[in-house]
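Below: one structure, written as structure tokens.
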């Protein structure tokens, strides 16, 4: 650990002791305005802090990976980005999260509308116990799209974007719950894509899948990057290295550092980061 | 002398088998006895004619119609209220004093005997609200009576819908109400229907409560404000007043067949539900 | 947002219907029944067996005793048979048979009470009259009929309680060398005790509250029953029999009978709820 780093760490700790918020400045996007900007965001459940002073930019057409050991706040962070934590009455937060410059937590925000703009894929694939078609069409139908032709088009294009169209195109009427795990997860991704979101959140989407399914999903993410900003929470550091452009390292409710993926993996600023990615703990 | 444990066990298990066999024997006997005496008399004319000379001759059509009226109205009132209660308890509030009070109310209601419901329906619907002895008064009384059954089964069915379904629905941009109607209710439907079907059974077989509220008129009911005798009550009057044993048996077999069909469909729904969710 | 608020409010109103029905029922029953109790005096009402409503004497002691006697008899049968079935179903019965026996016992609960009463009066009553003497219409006949009727209640609630006992208890006990039966009555019964108690109390409530079947087999004379073979009138049958032609104070006295019945049932309900809630608390704590 360099002297400079120690100083930075000490300063942050002092600031925390003094009860002041002194977040590290977010790393600016290489091109254009950030799609989402997280400003000084803290969160707690029943008073127990789970995120402290997070500041982070999510750039357009980029895949941001979030890594860190268990219970470091990754999933809470992800669920804060589309306000899914609101469902838990114990949740509390301070700070702001901006989507295209607008605070998503401001009063009067239509939460359902927000969640359509920021889609979420869960760790365990959860197909609803309906047909594949109905699963994909569910989101658009919620948004009020009823015309069969529109729905057909959306179902086909989203299944294609999730690299699963060829496998299921002849059995769209079958129960989605009968698919294999990897297929289910891609259907779940397609289901989110059918919302035509702007940001895609994925919470360890490959944690229960075999390597082949994982590779398919990573391929899909690479293609999807052209249209969306992607946040990928993963326990698998190798996956972060393979499938992201920028990486953020969370540890014990803090954002330790965030930077271009190859820099984080080859030359991290913080010792804890390098210890984590080389497998010393976590 | 100490009896060896394995002998006690064998004895105990045999006793329980005998007890269970006896219980099933009672069931089979009741059903068979009624159907044996009643089925031969169950003709089309019996089902499609009105009774003559106080029920000594003729059929039971008005009673069938009256029973259907009472049951349908009762369920039409109780099912939406009961399911709404279950939705409120599970999806729209946190566990707390309010949910405890609501559940306490439902649990107590479930334990109240039907004759008390009858007394209440008589003084409240028939007299205070001026409905008179009528299908309406009878079915509202029945509705309150079956409400706890519907609440409890619906709540159980809704609780069995996985939490992840709700997360997914919210994540796809649904409002709470959209989530409830399109995901939760859709998945819980068989369970909810089981409760409704069981309530139908209770309405059909109820006697004491309808006697004091719907009355015992023999005529064909033309509106919900008229009195009508239900099948169960008709059977009671026929057999208790010794009006006609053959017709009593025939009426009872209609009742038994209806209950058999109702229970079988409830059972079928339940199994479908269980295999589907697990 | 606003729509969601309205929906939530409507649902809340619906959800309050059960408790408000209970309140309205309680109010009306007491409103109709209490005045006559005060008029006759609690002692004259509860402690006298002179029920001559047209002459102004309203003593229901005979019916209270009748209800309790019939209920006690029904419970003996219901508990022995109900628990026997429940234990067999949860501990010793192959699943394929459970799939037949359990719905059959539930079907037993679905059969209308008038049908039980009818079978009682056409088969059981003559049988008792011929083999034991007396009129046949008796405490015994009512107990047996009611016993069959409360059996499904006791069975299904006990089955739930017995199934809630963790499997590890059973395995642990058998691993210590107990037979399955020893395990059942020494370990599983103890663990499920409060659930079984709740089942018995709820069965008791059903037995006290049952009306039509009892009317048909009990004979319904006024006064105190003196033995198992004596005919008997219960609180419920008193109401159902006389409601049709009563008026004035007589009708009020029938509501007062309802008040007594209501109070007994509410006490039983509360005990059952308290017992089963304690159990729920315990299961959560584990």
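Per-chain numbering from 1; labels A, B and C assigned in written order.
The rule we apply is simple: contacts are C-beta pairs under 8 Å (C-beta built on N, C-alpha and C of every residue); 3 or more make two chains touch, one makes a residue touch a chain.
Note that the structure is a prediction, hence the values are computed from the model and not measured.
If the chains shown are joined wherever they touch, the resulting network is a simple chain of contacts running from one end to the other without closing. Chain-level centrality, scored on Cα centres against the all-protein Cα centre, points to B. A separation of 50 Å divides the Cα centre of chain A from that of chain B. Separation between the centroids of chain A and chain C, computed from CA atoms only, is 57 Å.
Inter-chain centre distance (chain B to chain C, centres taken as mean C-alpha positions): 17 Å. Within chain B, residues 175 each touch two or more of the remaining chains. Of all residues in chain B, only 94, 162, 164-175, 178, 182-183, 186-187, 276-277 touch chain A in the complex they form. By the touch rule above, chain B contacts chain C in their complex via residues 5-6, 8-9, 12-13, 15-17, 19-20, 22-24, 26-27, 29-31, 33-34, 80-81, 84-85, 87-89, 92-93, 101-102, 104-109, 111-120, 122-124, 128, 144, 147-148, 151, 175-177, 198, 201, 204-208, 211-212, 232-233, 235-236, 239-240, 248, 252, 255-256, 259-260, 262-263, 267. Those residues of chain A lying in contact with chain B across their complex are 82, 84, 87, 89, 112-116, 119-120, 122, 124, 126, 128-130, 138-139, 142-143, 188, 191-192, 195.
Interface of chain C with chain B (complex): residues 3-4, 7-8, 10-12, 14-22, 24-25, 28-29, 32, 80-81, 84-85, 87-89, 92-93, 101, 103-108, 110-119, 121, 123, 148, 151, 178-182, 184-185, 202, 205-206, 208-212, 215-216, 236, 239-240, 243, 254-255, 258, 261-262, 265-266, 268-269, 272-273.
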